[in-house]
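You will see two complexes here that share chain A, one where it goes with chain B and one where it goes with chain C.
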Partner chain A sequence: MKKEKVRRLISASAMLFPLLLTVAILTSLVLKALPIISLKSLPTLIFSSAWQPQKGHFGLWPFILGTLWVTITAFILAAPVAIFTSIYLAEYAPGKLKKILAPGLDLLAGLPSVIYGLWGILLIVPFISKYLAPLFSSYGSGYSILAAGIVLAVMILPTIINISVEVLNSVPTELKEAALALGATKFEVIYYVAMKKARPGLIAACALGLSRAFGETIAVMMVVGNVPEVPHTLFSPAYPLPALLANNYGEMLSIPGYDSILNFAALLLLLIVLIFSLMSRLYLNRLKRRS
Partner chain B sequence: MDTAWEKAKFKRPKRKIIDSLFRLAAFSSAVLVVVILTLILMTILIRSLPALKLSMIIRTPGTGYYLGHEGGILNAIVGSLELISGATLIAFIIALPGVIYLNTYLKKNSPFSEAVRFSLDVLWGIPSIVYGVFGFLLMLAWHLRASLLAGMVTVALVELPILSRAMDETIRMVPSEIKEAAYSLGASRWQTAIRVILRQAFPGIITAVLIALGRGLGDAASVLFTAGYTDRLTTSLFQPVATLPLAIFFQLNSPYPEVQQRAYASAAILTFLILLISLVIRFFSRKLSRHKIK
Partner chain C sequence: MVERGRLSLRNLNVYYGRNQVLKNINLDIPKNSLTVIIGPSGCGKTTLLKCFNRLLDEIEEARVEGQVIVDDQNIYDPGVEVTLIRKKMGLLSQRPQVLPMSIYDNVAFGPRLLGQKDKSYLNPLVEKYLRLAGLWEEVKNRLNEPANRLSIGQQQRLCLARGLAVEPEIILGDEPTSALDPQSSRNVEAHLLSLKTNYTIVLVTHILRQAKRLADYVAFLYLGELIEFGPASEVLVSPRDPRTRAYITGEIS
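Then we have the complex of A and B:
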C-alpha cells in the first residue's frame, strides 16, 4: 500500500503544477516590475507617450495604443466573416463540404505565426502600399496597422469559427423546426431563433479570438512597422506591446529601469489577456454546464 | 383584414430577398475563408519552389551563408526536432500524472479539480511571448545561458496547458462503467488508471501529444530569448539551438535576395512538417480507435 501512497503523492503534485505555475508567472512579473512602478507612478507609465529609455522616459502609451489599434482592426475584419462562415457551416453546408472544410480550418489553425507573417510580407504589405493606401492618398511602405490587422484577422478566424460552429450546432433542432413550421424563412430561423439562442456562445467565441489577437507576437511584428509613435491612421505603422518585448527583451541593456519597464509591459500584456480569456472561458463553461 | 393580407403579399418577396441575401453572405464568407487558405499555401509554395533544393535540408549553413553562399538549414530542422521532443516529453511527464489524478482520485466536481482546470484555462490564454519572458527570468535565476535546455523548459510550459486540457477531455470521455468494472475486480486506482483508462484513451492521448508537438514546432516567441540560435548542430543541452521559425525570421530580415529566398524555402519546410503532423493526427484518430471498447 505504500507504493500506492507514493504514486498518489506524485500525481497530486503534478496536478497542482498548473496552479503553482500560474502564481509563479504572475508573482515573478510583479516582483520584476515593482522597481519601475515605485520609481514612476502607474499613470505616467501607462498614459505617457514619451518613450526615450536613454533619458529615463518610459511611457508605454504608444505601445498600448498600437496593441489596441491592431487588435480592434483585426477583430472588426474577422468577426463578421467568422460568424457568417460558421453560420454557413452549421446551417447551410452539405455534409461533404463540411468534411472538406474541417481539415482546412484545422490546418489554418495549426499554421505557425511566422508563416502568417511571411504571407503578410509577401502579399498584404505590397498590396497595401501599391494599391490600397494610394486610394486614400497615403504613401508608405505598407508596413502598417492595417497589414497587421489583416494578418491577425486571418489568424483568429479558425478560433472563432470552430467555437461558433460548435455553439450553433448545440441549438436544439426542435426549436428551429418549430420556427420553420410557423412559416419562417431560413434567415428568420437562423437570425431570430438559432442566433438568439447561441448569442452568448458566439460572443464568448469572439472574445476568445480577441484575446488570441492581443498576445500574438511574431506575425504582427513582421508586418506592423515597429515605430514607437502614437498611430493616427490605419496606414501608419505601430509598435504593439508583444513586439516591444520580442525586439528588446533578450538584450538587457544597462539603462536603469529598462528591464523593469519591459517586465512591466509583459505584466500589462498578461493582465489584459488574462481578463479577456478568463471572462470568455468562464462564460463558455457556464453555458456548457447549463446545456 | 384585406389590407393585412395585401401587406403580407407584398412583404413575402422582401422576406425572400433577405433570405437569399443572407444565404449569399454566409456562402461568400465561407468561400472567402477557403480562398484565404489557398492564397496562403499558394504564396508560400510558389515563392519557395525556386529556392527549395536538397542542400537546404541536408546541410548546415556554410561560411558566408547569410551573404547568399552555399548551405542549408539542417541545423534548424534538427534543432527544432530536438527542442520539441524534449519539451513535449517534459510537458507529458508533468501532464499525465496530473490528469490521472484529476480523473481517478478526485471526485467529479470537487473544488480542487475545478481550480486546476481553471488554472489550465488561464495558462492556455497566456501569450507565448510572456512564457518567453518567464523562461528568461528562470534562466537568470538558474544562471543558465540561452540553450537547448532553457528552450525546452519554456516550450514545455507553453505546451503543458494544451496537452493537459486535450488529455483531460479524452480521459473524461472514458465511460465510468469501465472504471467501475475494474474496481469491482479488485484493481487499485492506479492499476485502473494505467491498464484500463489509459488504454481506452490511447488514441486521444496520442492526438493530444501531436497537437502539442505542432504547437511547439511553430512557436517562435517563446524561444526568441531562451533557445538562442546557432549555425551548428546542437549536441548538448547547454548549447544554444536553432529553430525553424527563427530561421525563417532571421533569413527574412536579410538584405540579400538569395537569403530571403531561403527564408521562403524554410517556410515551405515548416509548413510541410505542420501538414504532416495534422495528417498523422487524422490518421491516428481513425486507426487507433478500432481497439477501443465501445
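Then we have the complex of A and C:
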C-alpha cells in the first residue's frame, strides 16, 4: 500500500514539472513585459505600426500582421494538398506505394528547418522574383510572405498528412462497405462517409499543422525579408514575431524598453498560439458532442 | 426440385494471394426465399457473401475466377457498372453500420445517390421503408437526430430500412443479429421472414438454431467448398454428407 502511494506521488510530481515550467515561462514573460506595458498603452503597442526602437516607438502591428499573413498563406497552400494527399494514401494508393511513402513522409517531417530555409533561398525566392511576381507586375527581391508561406507549407505538409492518414484509416472498413453496398462510388463513400466521420480528426490535424506554422522561426526568417512594415501583398516582405525575437533578442538591449518590448512580443506570440489551440480544442469538443 | 433463382454461382474460385478460400462453387439461390449459408468460422461464408455484391473488389489481394450471375448477367464481366449491381442488393453487416448522419439521411442516402433530391418524393419513401423495417413508430418524431443515438437493435433495423430504400431485389446478411440482444434479434428475424415473399434473402450465420428458424434453403460450406445445398428440411434434418452431419451434430465447429 505504501509503495503504491509513493509511486502515485512520483508520477504526480512528474506531472507538476511541465505545469510549473509553463507557469514560470508565462510569469517571467509577463514580469519582463510589464515595464513597457505600463509605459505605453496596450492598444498602442499592439495596433501601432511605428517601429523605431531608438526613438521609443514600439508598435508591434507589422509583426503581428506578418505572423498572420505568413501562417495563413502557408495554411491555405498546405491544407488542401495535405487532405487530398492523405485521401489518396488512405483510400486509393496500393499497399506497396504506402509502404514506400509513409517513411518518406516521416523523413520530410524530421528534416531540420534550416534545410527548408536554404531550399527556399536557393529555389523559391529566385523563382518568385524572376517569374511569379512579374506576372502580377510586382518587382522585388523575392524575399516575401509568399516565399515564407510556400516554405512553411512544405514544412507542415508531412505533419498534416501523417495525422490525416491515420484518422482516415481509423474509419471502419465495414462502414465504407455499407455505403458501397448502397451503390455509392468510391469517391462518394470518401466524400459523404469517410470524410464526415473523420472530420474532427482532420480538423485536429490541420490545427496541429497551423500551430506548428505559427511558431516556426528559422526557415521563415531566412526567406521572409524581415522588413518591419505592414505587408500589402503576398509579394511584400514581412517580419513575423518569431523572427523579430530570434533576430534581436540579446542585441541592442541598451535601448530603453527594448528588452521589455521583445518580451511582450514573445508573450503575444504565446497568447496567439494558446488562443488558437484553445479555439480548435473547443470546436473539436463541440463536433464530438454533436456526433 | 430447386427453382432457378436470380443469383447463381458458376465455378467460382476466390484467392487471397496464394491462398484459395473458395473452391469451385456452383450454386443456384432460389428467388423469393430465404437461403442460409452455414459453416464453421473461416470456411469462406463472408467471402462468398462479398462475391455477390463485389465488395471483394475492395480487398487488394483478392482474386475472383468464375461467374456470379445476377439477372442473367455475370457481374464480374468487364464493363459491368458495379454500383448498379450493388443497388440490386441490400447489405446487413455483423455490427450495424449507421452512416454518420441523421436517421432520415441514412434512409435517403441511396435514393439521393441516384439524384433524388425532391422532399415530396423522399419523405414518403423514408416513411415507407422505416415502416417496412418496423422502426417508424419509434423514430418518427426524431428523424433528424444523429443515427448513432439509436439503440444497437434499432440501428440494425435502420440499416435494413436503408438497404430496402434502394429498392433491391436481394438482401444479403452477414450474421446480422450477432451483435444484438435476443429481443432485437427476434425482431430483425421476424422482419426478414416477412420480407422474403418479395425479396431473395441470403443470410450467413453460425447459429444453427437461427438457420432452423429462418431458412427455406441451406448451403453448408466447409473449408472453402460447398458441401451440400438443398431445402432446409433436408439439409438440417437428414443431411447426405457426413461432414454436414458432423457439423449439425456439433462435432465440427
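Going forward, the second predicted complex is superposed on the first by the 260 of 291 C-alpha atoms of A that agree within 3 Å, B and C clash if a C-alpha of one lies under 4 Å from a C-alpha of the other, contacts with A are read in each partner's own complex, and residues count from 1 in each chain.
As a working rule, contacts are C-beta pairs under 8 Å (C-beta built on N, C-alpha and C of every residue); 3 or more make two chains touch, one makes a residue touch a chain.
Please read all numbers here as calculations on a predicted model, not as lab measurements.
By the touch criterion defined above, A:T185 lies against chain B and chain C together after alignment on the C-alpha atoms of chain A. Legend: residue contacts after superposition of the two complexes on their common chain; A:I121 is shown touching chain B, with no touch to chain C.
With both structures placed on the common chain, the touch criterion links A:I255 to neither chain B nor chain C. By the touch criterion stated above, A:P172 is placed in contact with chain C alone, chain B being left untouched. Once the two complexes are laid over each other on the shared chain, residue contacts for A:L19 go to chain B alone; chain C is not touched.
In the superposition on chain A, the chain among chain B and chain C reaching more residues of chain A is B.
Within the superposed three-chain model, A:T85 lies in touch with chain B and out of touch with chain C [touch as defined at top]. Touched by chain B in one complex and by chain C in the other are residues 185, 188 of chain A.
Touching chain A in their complex are the following residues of chain B: 15-16, 18-19, 22-23, 25-30, 32-34, 36-37, 39-40, 43-44, 47, 94-102, 105, 112, 115-116, 118-134, 136-137, 146, 157, 160-161, 164, 188-190, 214, 217-221, 224-225, 245, 248-249, 252, 263-264, 267, 270-271, 274-275, 277-278, 282. Note for the complex: chain A touches chain C at residues 94-95, 172-185, 188, 192-193, 196-197, 290-291. Residues 53, 55, 58, 60, 83-84, 86-87, 89-91, 93-95, 97, 99-101, 109-110, 113-114, 146, 148, 159, 162-163, 166, 172 of chain C are the ones touching chain A in the complex. Every residue of chain A that touches chain B in the complex is listed here, in rising order: 4, 7-8, 10-12, 14-19, 21-22, 24-25, 28-29, 32, 80-82, 84-85, 87-89, 91-93, 101, 103-108, 110-119, 121-123, 154, 157, 161, 185-188, 190-191, 211, 214-218, 222, 242, 245-246, 249-250, 262-263, 266, 269-270, 273-274, 276-278, 281.
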